[in-house]
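Both complexes shown next keep chain A, but they swap its partner, so chain B is in the first and chain C is in the second.
Our next item is the complex of A and B:
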């Protein structure tokens, strides 16, 4: 057998390049298409220009929740696990955060309390999966239902969300975090998403956590035989995802000025979509946090772009189709690898 | 730790000492008061037939099994591992047949996995990386530490795993059939690695069926037979293959083959030049009403022959079965009248969570249906019929297959094949895990089936089984059929063992 590492053919090099950089090419392609399309008749884009400052800021600030989530979700999927409850965890966090604020709790304590709630929600998932040994899909499907159920219960009868009304008023600063531009025209939530992503990139490349996640997803037996506590690694990753879901919930709540128990609906699908689009293997072991981040930017650009091109009720179908394509290409790539 | 006085005075010179080691399973003594020593910095080979007790000893050494009685010592210190983790910490590394490397990480990341230096979870530079790189370079300089493991060959991955054991401080590395999946050149390279390991203060315990490898590589050899220790001596003092084989076989194997008379030359299955990733130019034929055996050691290619005929694996070459279409999938094989009884009965042959009555018709469920509607009553009738015919010991056809004994489970599997109207049965290790009484019942059943005109192929790693029931036997080694023997009173057992351990090449 020859060493494949020594002499890659030019064909291999092209394949490698595509595998490593296709996500950036896709982002460029999407931006080019959206900015050259004639969008004059679509009022959402300022003067029909996708690349206008206002439009970019708009896309980035609605993207804050998914950008916050993508990194931790990638690490979890690299370890071979999945969390379907992120959307519900996000909704519950949004509701709890809004309730605290509307009842007079200042920003910082409300923020910290909601993040701690995220720790708890993630830990519950980890507990179900690792200690009770429930299959990850089933376990987090259960909590998807539970977390959403609690969020719905917290909202008063006959009211669709926690919002200003009656004696209670949202304070004026409520929008600052998720909506109003504070730094280069972008809200705190976006900058938090950037910080979280940088932290996750560091965790992936410079910390034991990232390496152990890859080992756990790549070959669990080998990981255990090497003395790695895979259970602790996975629980920690669930907690991280829980925290990021809480941050995403705060961002969404602040953006919409209310605590909507349905605000995270479908987030699990979007999260899986961006992570798969970023090239993370569904079977675990492989993936890059940064590529998922790019994947999230692509999906959000498309979503906003689509709003202007197709009716809103088409979007779920489009997301499903994109998911199918991402999963299929993922499968094809990994099959080709194993045939080599 | 307490230094045990029962061991010899020069105990520190012994990498490993085993005293009166015994392992009992219900009804079987797998390892029987075995004692031997392994000298430091040698390649120590462990040989014996299938079932001689080698792998049980390995499991006790690696902490996967606890001995029933007896003791072990490493460098004169008492050694009683409570787990595989414990064994590793005591300096015993194991190269499993299944590789335990993480494909998605680099070689260096694999070598340091679980041993990384870190502060608050952050990886920090340490001399560990330099050390493991040096270890790797010392045993195999051509592997690039920054390469992804997924880009390496199986042989290179194996070397990475050896390097990891060596750099995590293993003083003894156990290798169980490490050359099974390697090409000749890779075997040479592995031998180089093993020799360099030995020179750098590591003792290697080497298990292989390939006796040539043993003579080429080993310093000392321990021979096991029927769970007992036969001899431990320097290979230089062993008088070639014949002596080693004689020690492995010892007594004459008892086999009670009764000739079933002349079998007419009426081929139902003709295979020519079957080749795939493992098989090399396998040709043979099976006659109507004949029981043909394939005998060889682990990795010789028996199961692969069965899977190729059954359409479960791709293979080049010709397969002609009664002039019918060559099956390209198990479904087509069943339709052509071929049934396979797989080696792993519980996981591949049986639906353990279904009842006997649900299991029996499952390969040919259409036979129970009329106009697409499934008849429960017919199913019960069929189940009762087969339970009676094959003598399945159960009080009810509603019993779960899981609850049956090994022998009765195997009868259920056979019933499945018979109900599928198979003209030919491929039986892979048909009596593994079956007790003696049930064994002879299954043999009788197989003979009955053959007497009724069915062609039968048995793939077995038990010589007694093959010689006890088969009319003709093909001996396999390394993916080839090396010899064909007509069964009878005058079979030469040492010669058979010589062939299946790779000795057939020189004097066919």
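Our next item is the complex of A and C:
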């Protein structure tokens, strides 16, 4: 982020401005386009435009999982590591949470137990990467497969998800957390996402963790030599991502009122997309939590808004193209001066 | 003897020993055989010749994809787009070959002759490979992110072309020939024979040609290879085009075998191709690994999954088993190499 040029030209200043504020411009652009488009035909929007209260509430409710995840995932990527298992960790948490609730565990104990599960899932990733020295991509691919496999095994054969049926019945309060408006019509799940994001912004700007993460990603050797415990930093970040994945799983499962072992599929791609869109450098060292949060809002507005304009089978194409464009623009904006 | 002579003799002794790569490959091959024997003891009716044949013939698609993926991994690059390309090329081949006057959008295509449709589909597949190459080589975006993007891009195009389902009507009668042709009077189909030829050619290229050895050099030390006058960029571009072409061919053969272009075909094949390469001892950091190892990695995975099915475990076990197999393989290889050098 530090600009070492002494006399910035106007071109540099424009570039700098674009680099700092483009994400907000994109968000405004997306909102303007979607509010001018004719969305009458789509039931989710009722009648009226994109900015209707009901529609905003809808989008923010659906976005709770990715909004929860974006912050911690950004910090992890800033430190130069990656977690491909977030989707599976989210599915597993959703299944475990639903199982606890359907078996009569009250809200708070079930919630705490699932968050603790998130700590464990994150710690396993950290252990594989740091202690066993397995490349992050491979280590988290292993746990992607493992967590998803366990989630599938927890659900009985012949049933697609944990839900009411047989002797067990899901209590009525189950989807309050993900759906019931508590403040400005928005549910707990969304406010938890906001709290998590604020916590991550504080961690990035005011705490050692943020600085250590940036140092680890920028130059691991220098970080180590200056006395930073990079191993502990990275393990802590994996645990944070695990906890956020668990929270995202709780949000998703209470929104859908069931524990679906496939509900987190593809979440790792969305998380990467959102973080790249926010301008975090792949090489690590740079990035902002808040920008990833805005990136998540953009992607969710786009996916929901798109359903009104094109058939659902365009979704994969659009997300794939967005990922490639985000990667390319990320490269163009944050290109280092000295490339070897 | 002088110190120099001793050192020289040590070097000579080391040359006579297996290289680390052959060591790991034989380890993987040994593990594959051991697993097969273990499965034969545990699972009734597992120890049959036909079963050995099935382990290979049921997996020709993933093994063929594994060749391109292995070469790229050796050069230090990921290719996760192959599964998407399998879907794309199959869908394109069918779409191009469907006759022009169908009853609805999904049953009418471009009316090309079969061979032309297949060639065009292959070109479409290689375009995805070209996108991979541009992003990885020219824009220097990490290959894992690029190929995840192109995986979705390729599958996304396939989904748009098939409107989220599949195309299987109004095909010329010769469309299904290639994928269903049996060879040498046995039940072995053409794609399996092509896979065998591909493996042999790949082993030759990998061991005996300059191109193959350069791939290792680039993966092991890209700076050294550039300083010694190798055009790294061009080499990686060729590898991505090759991998995409192989994936395209697999997709076309599958489309021909089932006489349909299905947008969800090849789902998770990119992960399986990566998994068998890792099981086969290919190092993710580049510069280390072999196609034969990848082949035995595929046999290991096939043995584990088919033994699990034989033991009447639910199919849900496959993800957990894959995770455990890769974990054990990586730890065992690291441990074996560390011991060897100790």
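We adopt the following convention: the second predicted complex is superposed on the first by the 327 of 340 C-alpha atoms of A that agree within 3 Å, B and C clash if a C-alpha of one lies under 4 Å from a C-alpha of the other, contacts with A are read in each partner's own complex, and residues count from 1 in each chain.
Keep in mind that, in the parts below, a contact is a pair of C-beta atoms (placed from the backbone, for glycine too) under 8 Å apart; a residue touches a chain by one contact, two chains touch by 3 or more.
Model, not experiment: these values are computed from the prediction.
J.: Looking at the overlay, what does A:164 touch: chain B (first), chain C (second), both, or neither?
T.: In the superposed model, A:164 contacts neither chain B nor chain C.
J.: More residues of chain A are touched by which partner: chain B or chain C?
T.: C
J.: Is A:138 contacted by the first partner chain B, the second partner chain C, both or neither?
T.: Second partner only, chain C.
J.: A:269 in the overlay: touching chain B, chain C, both, or neither? Say first, second, both or neither.
T.: second
J.: In the superposed arrangement, which partner chain does A:218 touch: chain B (first), chain C (second), both, or neither?
T.: first
J.: Quick one: is A:209 in contact with chain B, with chain C, with both, or with neither? Answer first, second, both or neither.
T.: Touch status of A:209: first partner only.
J.: Quick one: classify A:226 as touching chain B (first), chain C (second), both or neither.
T.: So A:226 only meets chain B here.
J.: Which holds for A:320: it touches chain B only (first), chain C only (second), both, or neither?
T.: A:320 contacts chain C only, not chain B.
J.: Once the shared chain is lined up, is A:103 touching chain B (first), chain C (second), both, or neither of them?
T.: neither
J.: Need the overlap of the two footprints on chain A, from chain B and from chain C, as residue ranges.
T.: none
J.: Using the touch rule from the top, collect the residues of chain C that touch chain A in their complex.
T.: Against chain A, chain C makes touches at 78, 131, 135, 139-142, 144-146, 148-157, 159-160, 162-164, 263, 271, 274, 278, 284-285, 314, 316-324, 326-327, 330-331, 334.
J.: Okay, in this complex, where on chain A does chain C touch?
T.: 82, 128, 132-135, 137-138, 141-146, 148-150, 152-153, 155, 157, 269, 272, 276, 282, 311-321, 323-324, 327-328, 330-331, 339
J.: In the complex of these two chains, what residues of chain A are touching chain B?
T.: For chain A paired with chain B, touching residues are 1, 3-5, 206-209, 211, 214-215, 217-219, 221-223, 225-228, 285-286, 337.
J.: Touching chain A in the complex: which residues of chain B?
T.: My answer: residues 84-85, 88, 98, 100-105, 109-110, 113-116, 118, 121-123, 142, 144, 147-148, 150-153, 155-156, 164, 183, 186.
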